[in-house]
Amino acid sequence: MISVSVQREPFDVAAEMARLKAHRSDIGALVTFTGLVRDVATLTLEHYPAMSLAEINRLAREAEARFNIIGGTIIHRFGTLATSEDIVLVAITSRHREPAFQAASFLMDWLKTKAPFWKQEANGAWVMAKDEDAVAGEKWGV
Amino acid sequence: MISVSVQREPFDVAAEMARLKAHRSDIGALVTFTGLVRDVATLTLEHYPAMSLAEINRLAREAEARFNIIGGTIIHRFGTLATSEDIVLVAITSRHREPAFQAASFLMDWLKTKAPFWKQEANGAWVMAKDEDAVAGEKWGV
Amino acid sequence: MTMQLLYFAWVRERIGLAEEIFALPDTVKTVAALLDHLAARGDGYAAALDDRAAIRVAVNQAHVAETFVLGPQDEVAIFPPVTGG
Amino acid sequence: MTMQLLYFAWVRERIGLAEEIFALPDTVKTVAALLDHLAARGDGYAAALDDRAAIRVAVNQAHVAETFVLGPQDEVAIFPPVTGG
């Protein structure tokens, strides 16, 4: 079961990892992906509140159906974030390494093309969607 | 530059992540893989001390040459570890998500087939190498 | 029977509204027809919606294609390709 | 001029030694020939080395194939397929 949060507040990767491992003896692999603000001083993330949490939950259920995983956490932040602040966390546990890597990669590819968030730079410019992200999303046969 | 350690002591994933992110504004992606003791009460890892660090360093240089990454950390433990204790950490930073995922996956596949460590259960049984690990290692065209 | 329209990112900026109430005309059946109808409303709408390849639409919080058939009480969100993650 | 032999995991257990000094005979040129030579030494060696598909060898801390040609002062490690990670 992958838990999902959409929030303004920072997240604590170590606490999330500890929570996923707690009271279990069957986890052999834990993969985390953290996405960070890069190159710019600040980045503002707008989202569609009624849809963003629901859409990420939908992606989480899809990952659970596709991959032999144990659990996970997805946290996506919104609001104004500074350089090198965390934007998104995807953490997945599984018995063997391959499903955890696959599910984390799948979730990031899908988040990039499905989750209703938009990034704006401090000068007002909107970050453009990359064609390669659409291609990466399509490779999972969405 | 990927730093490498072979050690008996536990590692602190959060501290390693913080160290990789410190004083940088160009990191957009951070992928970690943690391998844990699963199912058994204890597992003892034997290694070939003169070779294990050198071999993992060789794999690290190979990953740096193959993938467009910024930095990373590989820590592999030896000695006797209890259920759900960490065995290995691979953490990789990059500008974009794909090289970090690829490099972490490559390093784990190669570690599994190249790094001179052997796992023994508490009853004396040695963990058998899996054919699928050899196949996973070969897919990178070693 | 009215529909709620929501705009995000530069679609919101160009139209100059985050949301509005909209009575769906009988002649407008699909998402494509709605986008055509809105683009004809004036400068802000045209600037927002003219490059149709850069427009994405969700109906009742789910992504839909331009061929999707609208109902009179739908929540319709119009936005650029997403850039989260 | 002597070679150091190192054994790990169940190869070590079956041979009953972690390491030994070994004078390379002139007739033993390759890793394959060394494994044949050692397997002929007695019970522990035979039990360790008979299933050649399960044996890996590193010379001077680098993985090598059975065709690798040995030098008289090499450090030769003999072990099962690795199971770290």
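Going in written order, the chains are labelled A, B, C and D, and every chain counts its residues from 1.
We take it that a contact is a pair of C-beta atoms (placed from the backbone, for glycine too) under 8 Å apart; a residue touches a chain by one contact, two chains touch by 3 or more.
What you see is a predicted model, and the numbers here were worked out from it, not measured in a lab.
A.B. asks: Please identify each chain that touches chain A as well as chain D.
C.D. replies: The shared contacts of chain A and chain D, listed by label, come to B.
A.B. asks: Taking each chain's centre as the mean of its CA atoms, which one is most distant from chain A?
C.D. replies: It is D.
A.B. asks: Counting only Cα atoms for the centres, state how far chain C is from chain D in Å.
C.D. replies: About 72 Å separates the centre of chain C from that of chain D.
A.B. asks: State, to the nearest whole Å, the distance from the C-alpha centre of chain B to the C-alpha centre of chain C.
C.D. replies: The separation of the two C-alpha centroids amounts to 48 Å.
A.B. asks: Approximately how many whole Å separate the CA-defined centres of chain B and chain D?
C.D. replies: 27
A.B. asks: What are the residues of chain A that contact at least two other chains?
C.D. replies: Expected reply: 35, 97, 108.
A.B. asks: Provide the list of chain D residues touching at least two other chains, using ranges where the numbers run on.
C.D. replies: If we look for residues of chain D contacting two or more partner chains, we find 85.
A.B. asks: Quick one: which chain pairs are touching?
C.D. replies: Contacting pairs: A-B, A-C, B-D.
A.B. asks: Taking the complex as given, what residues does chain B use to touch chain D?
C.D. replies: Against chain D, the touching part of chain B is residues 35, 45-48, 50-52, 54-55, 76, 87-88, 108, 111-120, 126-129, 133-134.
A.B. asks: Taking the complex as given, what residues does chain A use to touch chain B?
C.D. replies: 13-14, 17, 21, 24-36, 38-39, 83-84, 95, 97-98, 100-101, 104-105, 108, 136
A.B. asks: Quick check on the complex: what are the chain C residues that touch chain A?
C.D. replies: 6, 8-10, 58, 61-63, 75, 77, 79-85
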